[in-house]
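Note that the chains take the letters A, B, C, D and E in the order they are written out, and that residue 1 is the start of every chain.
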Amino acid sequence: MSEFQDAFVQAARLLGRADPELLEIIALSLRVSLTALVLACAVGLPMGAALGVFRFPGRRAAVTLLNALMGLPPVVLGLALYLVLSRSGPLGFLGLLFTPTAMILAQWLLVIPIVAALTRQVVEDLHEEWEEEFRSLGAGRLRSLFELLYEARFQLATATLAGFGRAIAEVGAVLIVGGNIAHVTRVMTTAIAMETNKGELSLALALGIVLVALSFLINAGLVAVQELGRVARG
Amino acid sequence: MSEFQDAFVQAARLLGRADPELLEIIALSLRVSLTALVLACAVGLPMGAALGVFRFPGRRAAVTLLNALMGLPPVVLGLALYLVLSRSGPLGFLGLLFTPTAMILAQWLLVIPIVAALTRQVVEDLHEEWEEEFRSLGAGRLRSLFELLYEARFQLATATLAGFGRAIAEVGAVLIVGGNIAHVTRVMTTAIAMETNKGELSLALALGIVLVALSFLINAGLVAVQELGRVARG
Amino acid sequence: AAEAAPYIVLASTTSTRDSGLLDWLIPAFRARTGIDVRVVAVGTGRAIRLAERGDADVLLVHHRPSEEAFVRAGHGVERFEVMWNDFVVAGPREDPAGVRGLSDVAVALARIARGGHLFVSRGDESGTHKKEMELWRAAGIDPHRDWGAGPGAYRETGTGMGATLNVASELGAYVLVDRGTWISFRNRGALDLLVVGDPLLRNPYGVILVHPARHPHVKAELGQRFIDWLLSDAGQARIAAFRLEGEVLFHPVRDVDPPAAPGASSRRIGSP
Amino acid sequence: MAEGARSAAGFGERGSILPLRVEGLGYRARGEWLLRDVSFTLRAGGIAVLLGPNGAGKSLTLRLCHGMLRPSGGLVSWNGPPAEVRGRQAMVFQRPRVLRRSVRANLAFALRARRVPRALRDARTREALAVTGLDALEHRPAHRLSEGERHRLALARAFVVEPEVVFLDEPTASLDPAATAALEGAIRRVAADGTKVILSTHDLGQARRLADEVLFFHRGRLLEKTPAESFFRGPRTPEARAFLKGELLA
Amino acid sequence: MAEGARSAAGFGERGSILPLRVEGLGYRARGEWLLRDVSFTLRAGGIAVLLGPNGAGKSLTLRLCHGMLRPSGGLVSWNGPPAEVRGRQAMVFQRPRVLRRSVRANLAFALRARRVPRALRDARTREALAVTGLDALEHRPAHRLSEGERHRLALARAFVVEPEVVFLDEPTASLDPAATAALEGAIRRVAADGTKVILSTHDLGQARRLADEVLFFHRGRLLEKTPAESFFRGPRTPEARAFLKGELLA
């Protein structure tokens, strides 16, 4: 088990001396995943809420598809995106492959189903409870949708965190469309995968520890914000 | 975009002629992921409910940790598990490395935080609403916990599906502790990763399509069950 | 399926598995001995770590210095050279560095570097990556410093051969690749084979039994039978008979009569 | 409130959405007919009171008329295009829900949802708060209100949009005597000003004080629809007679 | 129900958990004192009725006594170990919640939670259903009940465990007149058999019919605690006088 001790020591040392390469990788990871998360929420929250509030033919199929897409393997998504962004692909002219933008795109697409599916569940339940009141008040479904998103904001925080978890932990897709190119598209997870491939297990583990610690801090921040809101709302 | 057409044709062909190797891989994927899911629910649902219902010092830290663990990279978990299960590791004597059991173990550990974190959110909200009624009736917290799990069963279905999605889509951890050994530990995602590395992009994509179709069917089944329950409960 | 049969775990590299060689060898071995071989295919660096920790019975990789160090440290019993194949330099069809057909790989690499052309390196301490470093040394170049167009044109992917080739084919970059992976790789795009045949590019494979003194659970007897078979006439002949797209890939270390067996091809899911 | 109601009810330009015609109305859930063959007509003016034991179908009837539920049989028709009809009604549910924000914000939401012109909102809000006695609580979080206060908020929310028809499902069940008296006064005033009030209650005294006509429900059927006077003088059906005497109805 | 109450109340072996002593009780939320300096003692026997306008603090007081809320000041004390005390009380909340299962299953849950011996459960369930008039609805999903039916279920759930002290927060607000009369009869019976009933109501007639003593609340303070007779004859405080006259209290 000396590897674990090793790993913790290495993690501490890496952080302690503020290794510039590590900091660069961390910064890119955060930039990519947080951007992807924000964009995914911008789409996933309204999309999920719409599925929770509107009734239309094919809705059940859409919900099922969304749930199924939570199980979309990142590698597959990465591959499909690779083919689209590749120079011989339809969007090749944009020259996005192997750029952080491509990675954001990949994580965005991966996170949308999670945020949307979880939002759908939360909003659908609230909507069942609220539906008559809203209709009676004359609030259209679109307005109800946004009101419910607001009412459910604390519950939705967890959906958002699940989406963030998926984004920050994901390696398959960003590896394919990002290419793990040093100083350009190397993020925490691809660096970890690389060190693992090299057999540098305790370095990989150390990076993993740093990543989880980072997630923990971000989560703690979000929980604190949530708690403040709860106190304020009484 | 011919790769996409190719991929769909290949996916159809693979399924059409019921390729025995593919069927074997699918069967193993399902066995591993469903087993891991069931075991993860057995732990994650009560754990999440307990966090939603009990108040104890350090609870907020525990919730934050759980949320953060949703972002645990599979590669890191796989690595840690590898070190534990390796012959030179503390549990090496069990000889579990490179077996389906090790893969189940890995997915189990990965899915627990997702199921538990989402359950915590759902149950905590319900508990806030129900707390007084339960206390007044004389139901202890443990009984309340199980009653709330039962009351929330339809909401929790989505949490379970999110867990399943994570399990079935995951590749980093099962690759490390399973080894992607043909006929023994090769599952859909490791096969997809392998074909991608071979540059067999459309075959990889075809496998991905099969996997997503499979997820869709399983989700549809679960939604149908849920729907039946909803009708039955009125 | 093979759960009940006796088996060994072989730690090897992706090149041997993905080229289809192991799928060609193992059934023959099993037919003769009833022993199954479970292949864990990873980079050379990790394969060696796996073996060191006792998670494999036999190691089949391609980086001689590391293999020798492995045996010296007492992790392995003895290294046997089994076969060799070769590396090649692939690059964009237009070949801006003008290296096509050069027989001296060091010269070719130097030209690519001086010209500041795109080069994709695995950067993962694999056998291939270590070979690449060796070649840069031979060319007298430090790829991180001596690059014409400055940094950015020499790119390390830190991933497997396939993923690296995917990057190279997309970027239209030069890349060092083992011939097996090259032949079986489907996503070549605009890449062509440019430099072949320099003796420096030779790539010997060694096989080592993990030392049972270090790891008592190692299936030494079964593992030794696999090694013996690989080195036997039958095994060597089987290696010689392997074909990928009609090409010879791996050369046995001993001269054997190539049998009249039909050529093999890379097996994959869905192949008949 | 009373003053404004007339303008919103708008008999002039827009014409009334009344009469409300209900014909052969039925509602079924889980294979059971909870409401059967209910027919009646309600014309503009006056207060209609729904009476009947628990589970008789009063709330179901109100919700069907308000368009919250789709009838399983029969029909509900208003005078006017469906899109407009709902916009000129309001309802206070028996178990009202409030948004998790302040009392004032709850009213603001109702005003916005009904597209009440910005200029009118402030005055209306103040008026509604005053009539329901919530002035002092306007900044309280609505989900923490006492039950009576919550019902007052629901009433304020209904009246603030100045509907032409208002459904009140046991509006005073949780109110204290003074608030009840005040609300009854307000109801009489808006009714006098032309708002149609349709309410259910278990308080027979309240029914006597307010009702112009009575609809008596029993086990999912409408047994009587009579002018209040004659109902309280002597109901036609034995069930209604028993109900007025406070006898248990099987 | 009445017969059983005595055995559960158990004066013999176990001794009573009464008297309930409340001293200097206060409750604060969001920096505001919602209840201030409330002191009283309730002894075994008789029915205590809490009166007061909406938001006076009646529900808060009941929940504080039942141990649902922690006082911000002062204390609530019972005669007995805290663990046992709650087990011998029951409460019907003003806005009762029911589990999303059948009426019968809701009662079964209460019986299980209180560890009522299996042998007794069936008889008690039948009795509780009969007294609340829910016999015909025992298989209905509880969350689909009408408001009155839901309150009846909450009452059945409280009585089925045969508590020694029962808190009823406006138990008849949604009940029809016959059910109200029946419930009042049942309350008198269990009280006569030794169960202490502490209830809040807005129905002054009901208070007159049931109360042995009255606690009058106003703006978070207990203004009077008097025998019912003298309260209704002539309250001491001007607030209570105004309340009885149905005047608006500022």
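Everything that follows uses one rule, which is that a contact is a pair of C-beta atoms (placed from the backbone, for glycine too) under 8 Å apart; a residue touches a chain by one contact, two chains touch by 3 or more.
These numbers were taken from a predicted model, which means no experiment stands behind them.
The minimal number of chain-to-chain contact steps leading from chain A to chain D is 1.
For chain E, the chain whose average C-alpha position is most distant is C.
Compared on C-beta pairs in contact, B-E and B-C come out with B-C as the pair having more. Chain B and chain E have CA centres that are 47 Å apart. Here the CA centre of chain B is 35 Å from the CA centre of chain C.
The centroid of the Cα atoms in chain C and the matching centroid in chain D are 82 Å apart. Residue positions of chain E with contacts to 2 or more other chains are 29-30, 141, 144.
In chain C, the residues touching two or more other chains are 160, 163, 166. Residue positions of chain B with contacts to 2 or more other chains are 89, 196, 201, 207, 234.
Interface note: chains touch in the pairs A-B, A-C, A-D, B-C, B-E, D-E.
If you check the complex, the residues on chain C that touch chain A are 42-43, 45-49, 123-126, 151-152, 155-160, 163, 166-167, 170-171, 189.
Chain E meets chain D in the complex at residues 29-30, 52-55, 59, 94-95, 133, 137, 141, 144-149, 152, 170, 173-182, 202, 204, 242-243, 246-249.
Residue ranges on chain E touching chain B, taken from their complex, read 63, 66-68, 86-87, 89-91, 93, 96-97, 99-101, 109-110, 112-115, 141, 144, 157, 161. For chain A in complex with chain D, the residues that touch the partner chain are 129-130, 132-140, 143, 147, 151, 233-234. The part of chain B that touches chain C in the complex is made up of residues 10, 13-14, 19, 21-22, 24-25, 86-89, 92, 95, 97-98, 179-184, 191, 194-201, 203, 207.
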